[in-house]
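Next come two complexes built around chain A: one with chain B, the other with chain C.
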Partner chain A sequence: MSTITGLTCRECGQEYPIAPLHVCETCFGPLEVVYDYDSIRQQLTREVIESRPRSLWRYRELLPVSGEPTVGLHSGFTPLVKADRLAAYFGVKELYVKDDSVNHPTFSYKDRVVSVAISKAMEFGFDTVSCASTGNLANSVSAHAARAGLRCFIFIPADLEQGKIIGSTIYGPRAVGIRGNYDDVNRLCSEIADKYGWAFVNINIRPYYTEGAKTYGFEIAEQLGWRLPQHVIVPTAGGTILPKVAKAFEELKKVGLIEGSVRPKIYTAQAAGCAPVIHALHKGSDLIVPVKPNTIAKSIAIGNPADGYYVLRAVRDSGGWGEAVTDAEIVEGIQILARTEGIFTEPAGGTTVAVTKKLIEQGRIPRNESIVICITGNGYKTIEAVVNDVESPFEINARLQEFDELYRSLAPTTTPALGASELH
Partner chain B sequence: MREKFYLTYPPVLVKEPILYLLTKKFNVVTNIRGANVSHDMGLLALEIEGAQEEIDQSVSWLREQGVTVEPIEKNVIE
Partner chain C sequence: MSVRVRVPTPLRRFTGGAEEVSVAGTTIATLVEDLEKNHPGIKERICDDEGKIRRFVNIFVNGDDIRFLDNLETAIKDGDEVSIVPAIAGG
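After this line comes the complex of A and B, so read on.
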């Protein structure tokens, strides 16, 4: 039985039926899914959830689909790693890494939102799914469309490097490179979504798509033993995930799955080369001034985030904060996570790690409270970001003596992981 | 044709009658659906109605003036 009752405008409150709509006809505000929480409270218990397969669909009553899920059956339920070595490095007591770099099937948190979006698109009867993307989103839409047997169109800027789209085109979508600047590409995609009646996952299916991001928050709570952390650091690009993590925590309380008074403080992380939300946050403004991105963190380089305002609101409501870090700090963040916890993340994750470090050093995040760092993507997709910052292999002939000499010359100055002296 | 846009005005243009000039210059009907204007920025949710060519020229002219013009969905490239 469906637990959603309709859509409502986030700005003016006007109500709409469950349909592929995303913008309020009156005020142009974004639409949000409405749930029957009383019904969910009756149906959904910890025991029911824990009895289900380990995927994002174990929280299906809190997702905007009807009936049995059909797409993304193995997406979600990624590890929540207790990161003791990283905690020691930062000098904090209790630290976790929520690791969507190993999300199925395309190694980013996008597999969550796309699973829900395409499931909903199939319910609506669409036969074609689409998106505009330079990376993770296109990978995920292409893979899920292939698995579901749907037609798929991917729109990319025409000058995007070939290597960036193989992770999508391998799944067999039609990929279309669009000549023009990003503003032109954005406008064309909105027009295509309107004209062709396709399920554009982050345009006309957006209210449903974004709901998939809540599962990241649900899982954090369940994996902590049905409790909430005190501090959560989330990267911000379009602004989908952070407000939905906040919503997830609130919903868990609302339907009685979480007790207690902990209100997690939520922090937003951006790259200094694309930090429109951080600028507004630090200025105390509600207005997000668009920027032209200039950072290695391409997957979060969105100059005018669709849900930026809602990120600001969620951060402020939670009592959290946010910071931006330079590209050099981002690379350092990637290395720190790899060398303490064995997790290789993309620059978005490096940003989150580096921002966490900065917030701890500023004293904004206390060292004796529980912290979760949100890692949303995989470093194997963005090797070029760190290629100049890792040690090149040494080369020797196949003789033991040469290795002995090399080994003597290395020890004790070079270590493959952070040395004890670097750990607090 | 009707298209929905977000217009972002930089501080230097906040006091300029941009929409008045736009409708004098092009054969389009504008309809403001939402606005938030401060001393350092203006944000407008706007519907523009007219022939496709007139809308396209309107968008190009607004951008030439220094206004950021985006679809109502803002950045959809993720």
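After this line comes the complex of A and C, so read on.
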């Protein structure tokens, strides 16, 4: 039974039917799905959720599909890792990593939003799906479209990492590299979407697409035993996921799945080379001034974040904060996570780890409260970012004596390094 | 003197369905006024009560966001191409 009743403008409240619409005709504000929460409260209990398969669709009453989901049946429900070695490194008591670097099938949080977007696009009867992407979204749209048997066009900046390009083209979409940055890709795609009538997951399917990001927050709560963490650090690019994680926590309370008064403080993480939201946050301004991105964290290099304003609002409403870190700190963040928890994330994740470190050192995040770090992408796609910062393998002949000599020349090491001084 | 303006779907009911219209103007501000003269009602969709560009509207001149130029005072010349584009989610 459908639990959605329509769309409404987030800015002026004008109502619209469930359709492939994304902006308000009156004020250009983004449209948001409206749910019948009374009905959801009746249907959806912890027992019902826990009896379902371990995918993001276990929360389907809180997602904007009308029938049975058709796409992404194995997406979501990624590990919430209790990160004790990273906690020791940071000097904090209770730390978790929500690890979407192993999301199915394309190793980023985008598998959540795309599962919902393409399920919805199929309900609407589209035969072609498309997206503007910094890489991860294109990977996910390409894979899900292949499995659903849909025609697929993806648009990406031409200078993306090789892993991000092949990670799309292997699935057989038509891929178009644009000479420019993501914001240029976006502008072009907005005009293509207007003209060609395809399901652009992050344009005309955006109200449904963004709802998929809530499942990241639902899972954190369920995996903590139906409770909320006190601090959550989320990377910000276009600004989809952070406000939706905040919304997820609120919805769980609204439909009675979570009790208690914990209001998680939410923190935004950006790269210093592309930090329009952090600039506004630190200035106390509501106005996001766009920037030209210049960072190795290409997946979050969005200089003109559509939902940046909502990130600011969610962060401020929660009592949280945010920071930006340099490319060097991002690489160090990637290494810290890899060497403490065995998780290899992309630069966006390195950004989140490094920002968490900074916020703890600043005293913004207290050391004795529960913390969740949101890891949204996988490092195997972006090896270019770290290739110059890791030790190259020693090369020897297959002779024991050569290894004996090599071993004697090496400094004694035991477990992977914990201290920052040992990272390099 | 004339400039081509690409019109996004939500605004096409003001342009009789046209995807592109020609307008006169020397800056984005005067261009918006000319748009309003020929297509009454379109200005309040683009600008807020104080006359500033709305939060979720992006305007580009030959592909450059006017916020990197001179905002409403950005100069335009014959043959320029102006796009009005709604904000888009990340990816």
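We adopt the following convention: the second predicted complex is superposed on the first by the 395 of 424 C-alpha atoms of A that agree within 3 Å, B and C clash if a C-alpha of one lies under 4 Å from a C-alpha of the other, contacts with A are read in each partner's own complex, and residues count from 1 in each chain.
As a convention for this text, a contact is a pair of C-beta atoms (placed from the backbone, for glycine too) under 8 Å apart; a residue touches a chain by one contact, two chains touch by 3 or more.
Please read these numbers as outputs of a predicted model, since none were measured by experiment.
Q: Specify the outcome, clash or fit, for chain B and chain C once both structures are aligned onto chain A.
A: These partners clash in the superposed model.
Q: What is the contact status of A:P157 with respect to chain B (first) and chain C (second): first, second, both, or neither?
A: first
Q: Is A:A132 contacted by the first partner chain B, the second partner chain C, both or neither?
A: Both partners, chain B and chain C.
Q: Quick one: classify A:V289 as touching chain B (first), chain C (second), both or neither.
A: both
Q: Would you check which partner chain A:S115 touches, where first means chain B only, second means chain C only, and both and neither mean what they say?
A: A:S115: touches no partner chain.
Q: For A:R206 in the superposed arrangement: first (chain B), second (chain C), both or neither?
A: both
Q: Taking the superposition as given, does A:I302 touch the first partner, chain B, the second, chain C, both, or neither?
A: Both partners, chain B and chain C.
Q: If we overlay the two complexes on their shared chain A, which of chain B and chain C does A:A237 touch? Say first, second, both or neither.
A: both
Q: I'd like to check the shared interface: which positions of chain A are touched by both chain B and chain C across the two complexes?
A: Residues 11, 22-23, 26-29, 110, 131-134, 136-137, 182-183, 186-187, 189-191, 202-203, 206, 237-238, 289-290, 302, 304-306, which sit in both footprints.
Q: Using the touch definition from the top, list the residues of chain C that touch chain A in their complex.
A: Touch list, chain C to chain A: 6, 8-10, 13, 19, 45-46, 54-58, 60, 63, 65, 67-68, 83, 85-91.
Q: Help me check something: in the complex, which residues belonging to chain A touch chain B?
A: Result: residues 11, 22-23, 26-29, 110, 131-134, 136-137, 155, 157, 182-183, 185-187, 189-191, 200, 202-203, 206, 237-238, 285-287, 289-290, 302-306 of chain A touch chain B.
Q: Which residues of chain B touch chain A in the complex?
A: 3-4, 8, 33-34, 36, 38, 40-41, 43, 45, 47, 59, 63, 68-78
Q: Help me check something: in the complex, which residues belonging to chain A touch chain C?
A: 11, 22-30, 110, 131-134, 136-138, 182-184, 186-187, 189-191, 194-195, 201-203, 206, 209-210, 237-240, 289-290, 292, 302, 304-307, 309
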